[in-house]
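Shared chain: subunit A. Partners: subunit B in the first complex, subunit C in the second.
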Partner chain A sequence: MESLGDTLWDVVICGTDLQQSLLALSLSRSGKKILHIDPNGYYGGTEAAFSLQEAESWVTDVAASVAAATNGTCPWRSASICKPEAAATEGQRAATGLSFPRAYSLALAPQIIHTRSDLLSQLVSSCAYRQIEFLAVGSFYIFKASAPAQASKEMGKPTLSRIPATREDVFSTTAITAKAKRGLMKFLKFVMDYDSPPQTESWGRYADVPLTEFVQMEFKMDNELQTYIVTLTLSLDGRISTKDGLAVIHRHLTSMGVFGSGFAAVYPKWGGLSEIAQVACRAAAVGGAVYMLGTDIKTMQESSDTHDANLVMSVELSSGDTIKTRMLVRASVQDHSTTGDGVSGAMGISRLVTVIDTPLKSLFAAVVEGSPTPAVAVIAFPVGSVTTATGKVSENPVYVFAHSSDTGECPVGQSVLYFTTLSTPDSKEILMQAMDSLLTAIAAEEHAPRSLFQLHYEQARGATNSQTQGLIFDFPSPSLSLSFDDSSLESVRQAWSRITDESVAEMEYMTFPDREGAMSDEDEMYT
Partner chain B sequence: MSDDSLPTLKILLIGPSGAGKSALLTRYCDDEFDPDTATATIGIDFKIKKLSVRGKAYRLTLFDTAGQERFRTLSTSFYRGAHGVILVYDVSSRASFRTMERWFEEAENNTVEDAVLYLVGAKLDKAEHNGGGREVSPEEGRRLAKAHGAMFCEASSKTRENVRKPFVELVDAIVSKPELLVGNRVRRRAAGTVDMHDDGAAGYLPSCAC
Partner chain C sequence: MESHGVARSIRARTEEQRLQDLEKIKAYRNLENQILSQSASGTYNFALFQLTTELLHLNPEYYTIWNIRRRCLISDLLFRQPCELSPSGASLSTSPNATKERPLDASLPSPSDPIPLYHRFPIAGKNSAGLVASTALADPQRSDIQYQAPNSEGRESDGKVLRSELAFTLSAMDPGIGHPSTAGSDCTGDMGNGTQPSVQDAYQGRTQLPAWGYRRFIVAKLESPELQGKSMAEDEYAYTTKIIGFNLSNFSAWHYRSQLIVRLLDRRGGGDRMRAAFLDEELSVVRRALNVGPDDQSLWYYHQFLVSQISEYGDGHTIAPALTVDERAAYLRHEIEEINDLLEDYGDIKWIYEGLLECTLALKQLEQRAERGGGIFDVKTWLVKLQALDPMRSGRWSDLERRVRD
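After this line comes the complex of A and B, so read on.
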């Protein structure tokens, strides 16, 4: 077999995060010589999905890379795992405890994908979607910490209030008053063509102020309705601008019903974006790309190729091979610990992933007749609705993605909750409290759910733009957004154009004929 | 009955580079054998073959490793939903046989418990060249298969000997396991998943404004 060093590679891609994997997919019919490596022993990079065992070794790796300060590309901090149930039932495995480690596939960066996202149209036009199962994202809920009940000093039980998502839904809900319904309906109608002339005038002067202010002033929405609206945007700080907020809600509303009734977004089974990355890499391998995991770049330098007047990169791999390539594409290599980044500054998020011992069925009920059973539900804790035992109050919304076992991320009978909030000194405590409160809120409907496994970590946002230097192209660091951000597709296309000959039309980008059809039509008989 | 409506079985061929996976697949599906294509097959995602077992037709989707076996980078998604796995080594290469324990481990770790495994010693023709080429005895192969609850045979894509046997026996074993075929697992898509069919633009038009 030809050794790696004998080939002049057209591109070496480092990392199998979604962006790098989509780049590999986009080049999978180009005939280019592609070497795709990943320093990790698994696919998916920052979007990976882990078994319990893999999660544990990942936590160890994060600690080691933080300690060694070798974490130029590592956006993670403070990763830890806790198994409350294991501690409680010391030695004797509870019947409802954790299943075997591989029964789980926990996503590091779960993102829902709106049905109008270009990611889905690219997966369809490239035929990669055939190997991916998409599940419906169902209802959005608001957590309500109830006020003390009258005639009693005890706090009432917290509840979840479902946000009506469609017009029919708004009419039928009993959760809001008739007056509020009219305001909401008026707003939803407005958003549908917020971007055409008469409407643009009405929100133009609010463009850069928070959306909440706009809907309060122009649609007389009360606090509760404002929370509904902000929750639909999944804004991490709850202060999304009117301009951005209207765009996101427009996307949400127009995504409703695209692939079936009752849902606006989908989630890939078995761990979300990680699955897309793996399928994209497989498609590239089918096209001839060579894959190596657990392989990093040790050194690199530009040199001139003997057969070619053009400059090439000489790259030394940790495997010991030294290879030559015309182009190198990597993840952003900014040092996350020191780099401020525009307005967002040192923005980061705090996450808590927890396995729950009950299926939380009530969260996954289909609301619209004929719609597929949702596998994902979204729950928002509005600003100020979480108070810890030590009296700390949440300054930012906390968002929860509840995943049923239909996602393949946990065994039947269990569920996975992904909590996210902006990083603050108290964010871990806030997330833990939010988890307890949520379990209490759901407890009425199901037998006291318990948390069996908890993975906590912080994720920093690095560079927001791609960078090109000589023969090196660096992708921006992944978006922290909770719904898939189409802007990350733009840098994939940029990288693709750098590698692709000018003769290839942009129209052909990610548009491939089906590879299926290698059907041999003889019918074998065997009795 | 159109082919699309047949129950679909996902079958994988794995094993070390150069063991003869693609040759076995090509011989079985297309009855072709090219002694010169030693390099990894490019451009074929999977092959489809119709096979009837016990009077019932099945649509087999047969997935090759697409070169991802070379540095052992098959993804977990590759293994998903597999009903059966054919593990291929080269009877004329002791080195290829030595890697099989790890391939079994990977297959067992990434497939459901009921998935059927089948071990194939390929390039049987080399062994039979005056017996000179053989480096792995049939007993060794049989013993390894047995240790993993797998079925076993030796085959030659060159001479066609036993080429159909692993596929037919594997499918026969799969369809005799009702737990492997329950619910929607033999369908292309499970219930509850979203259909992303690409029938022109229809799928992208909003059917409900909100």
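After this line comes the complex of A and C, so read on.
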């Protein structure tokens, strides 16, 4: 058997993050010699999904590299497990109600994927979708801190208010006045055609102005409706521009009903994007790619190949092998405290992942009777709706992805909540408070839910563009967008172009026939 | 229309996919021919019934097939002599020779059932309705036929058949419906085969006319003295409410609703106050719908129906026959005010102006009959707007103008 060093690899890919894995998928039928390595012992990289034990190891690793200040080139700024306390004994942990560690698959990348996303089209055209189970993302809710009840001095209970996204939704809801409904309908109609005249003239001069201003000026929307609109965009600072905001809402609206009634986005079972990464790698492996986990690059240098006039990279791996490759593809190696152009203070998010001991059924009710039961619900805390015990008020929206056990991320009878907000000095405290408020809001319908496990981390985004230097191609840092950002796919295509011969048509990118024997029963005559 | 915007994501269909599509088309055509030729020969039997189930799943708009299905029910499957039923016939199960089961429906799908991405590209006319296994009588050709006891058993199974047919029409009307977790409440028949909620790309454009007609036939049969012997108006009214909640533009649902109302009110047996309250509620529902869908003709149709219930009185068969002329006039004026509000935000929709003028006309007729006078409202402005928005019908608007002015 040939050793690794005997082969002149066409590409060595380092990291099984989503982008690298999609690249491997795109090359899976090309016959190219691919060596795909990952320094971690697991697949998925920055998009991995963890069992409780894996989460603990990861936290230890991140904390160690932060302490040693060696985490500059990875996105993680901090990570900790707040609950159960580290000192808890086995018995104490068992008493918490947590199931065994492998019963959990907590996603580092819980992005929802709109049905119109190019990612899905590519998964379909490459036939990789067959290995993935997609679940419906259901309702979007707004958290409403209650006003003090008139009759008594006590605070009324906070509530969750569902955001209507279709005409029939707007018809049914009783939470909006008739006049406000008309405004909302006009806006929804406007958005459907937003990129053609005369609509483009209407919003043209507002392009870089926050969307909230545009809808207030041109559609006379009050604060409440503005909040609905901004929430649909999942804008992390609540100040998404009109140009970007309209595009995102357009995508949301046109994504409704594409794969079934009642939902505009899907979520892969078993851990979100990590599942897509794994399936992509599997496809590449079937196509002949060689996989090595727990393997990193130690050193590398350009050299000339003895058989070839072209330059090759000579790469020494941590396994001790030295290999030669025509091209090396990696994750971004730029410092994550700066953006691509060296500007410091790169954007970051603060995330809290928590396991709850109840199924939170009320969040996952199918809106349209008979449509697929959603496994994910989205809840937004608008700016200013979270006030901590120390008096700090949220300056950015807080978004919550609620996952039922249908996602496979926790055992039946429990659920997982992913809280996200822009990273600020107070963000961790704000997230904790948001969690308490949310659990209070849900408490009336079911017995008071408890949080069994809490993982907090901060993630930054460095380079937003890919980088090419000689034979090395670096992917950009992963997007922090809560809904899958199709622009990530651009870099994958760029890398593919560099590796593939010019003779391969652009049109064939990510387009493969089914492998023989891969046709499942589902492809019946009548479907 | 959403379906127009569905992007084609596969940029180039491979030869393989083209051949697959051709196969599917061929299979569809074969099925169609089979059904039509057997129907032409006059053999309406269980096997034909099963074939219609298949085809209607692919294309629920095919009127002829619904008719054939109905004939199968009448001539062969309903009200059969009890002795021709096998013992297991009374407790229905899906036919042993049911066609190839849809995938993923071997058991009731769990809530985490994956969404089938491969249903993205429906063939024209292909139906994406959930499969409600239309339960049917056991095959009467089976050799283990035994004598059965009296008629009542035959009736009971007929009832089950018909109720499962109701569920079948439900699944044909909306592909989202029929999911076993929710459909159980709708039908008492066996639904052994699970359902498969799937794509509704094609849904938006469907009229569902044949399915509604078929449903009315089923309901009529169920209401007949041989079966339930009682009115299903209440259930059917609730059904229309549900369907409208899925899609406000469903003309058939509104139309059916309008036909049910008078019977419904008779059954509820309430007095004048109850009837007036009911009228208020219906007006409120359609107005809420118009508020979000002012360009939808189905809604205007229903509104016009309600207005006519107010303005055309005297023969007693209306929603609230006891309303006085003054009360009726008040209703109409209120309607005009409410619809006028819509103009605040929907200034360019001709239906609103037309609706206003029709109401004004109705009011005029009412008051003329009772020899009362009334204001003219903003009729001139409305007429001008109508002419501007729809100049192709200027003759009609002139006619309307004349009638209002007289």
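Following the convention adopted for this analysis, the second predicted complex is superposed on the first by the 492 of 527 C-alpha atoms of A that agree within 3 Å, B and C clash if a C-alpha of one lies under 4 Å from a C-alpha of the other, contacts with A are read in each partner's own complex, and residues count from 1 in each chain.
In the analysis below, a contact is a pair of C-beta atoms (placed from the backbone, for glycine too) under 8 Å apart; a residue touches a chain by one contact, two chains touch by 3 or more.
Quick caveat: nothing in here was measured; it's all calculated off a predicted structure.
Trainee: Report for A:131: first if it touches subunit B alone, second if subunit C alone, otherwise both or neither.
Mentor: Touch status of A:131: first partner only.
Trainee: Pick one for A:513: touches subunit B only (first), subunit C only (second), both, or neither.
Mentor: second
Trainee: Once the structures are superposed on A, label A:258 by its partner contacts, choosing first (subunit B), second (subunit C), both or neither.
Mentor: Both partners, subunit B and subunit C.
Trainee: Regarding the shared-chain residue A:375, is it in contact with subunit B (first), subunit C (second), both, or neither?
Mentor: Once the two structures are laid over each other on A, A:375 reaches both partners.
Trainee: Identify the partner contact of A:290: answer first if only subunit B is touched, second if only subunit C is, both if each is, neither if none is.
Mentor: Touch status of A:290: first partner only.
Trainee: Can A:278 be said to touch subunit B (first), subunit C (second), both, or neither?
Mentor: first
Trainee: So in the superposed three-chain picture, is A:8 touching just subunit B, just subunit C, both, or none of them (first/second/both/neither)?
Mentor: A:8 sits against neither subunit B nor subunit C.
Trainee: Contacts for A:120 in the overlay, against subunit B (first) and subunit C (second): which applies, first, second, both or neither?
Mentor: both
Trainee: In the overlaid three-chain picture, which partner chain does A:179 touch, first (subunit B) or second (subunit C), both, or neither?
Mentor: second
Trainee: Would you mind listing the overlap between the subunit B footprint and the subunit C footprint on subunit A?
Mentor: On subunit A, the residues that contact subunit B in one structure and subunit C in the other are 116, 120-121, 123-125, 129, 133-136, 167, 254, 256-261, 266, 269, 372-373, 375, 406, 520-527.
Trainee: For a test of understanding, state which residues of subunit B touch subunit A in their complex under the given definition.
Mentor: My answer: residues 3, 17-18, 29-30, 39-40, 42-55, 57, 66-68, 70-73, 75-78, 80, 109-110, 164, 168, 172, 189-196, 198, 203-210.
Trainee: So in the complex, which bits of subunit C are touching subunit A?
Mentor: Residues in contact with subunit A: 2, 5-7, 9-12, 14, 16, 20, 23-24, 27-28, 54, 57-58, 100, 102-104, 110-120, 130, 174-179, 181-183, 197-201, 203-204, 242, 245-248, 288-289, 291-293, 341-342, 344-346.
Trainee: Touching subunit C in the complex: which residues of subunit A?
Mentor: 116, 118, 120-125, 129, 133-136, 167-168, 170-172, 178-179, 181-183, 185-186, 254, 256-262, 266, 269, 366, 368-373, 375, 406-408, 507-508, 511, 513, 520-527
Trainee: Where on subunit A is subunit B touching in the complex?
Mentor: 1, 43, 102, 105, 116, 120-121, 123-125, 129, 131, 133-136, 166-167, 188, 192, 253-254, 256-261, 263, 266, 269-270, 275, 278-279, 281-283, 285-288, 290-293, 295, 372-373, 375, 406, 515-527
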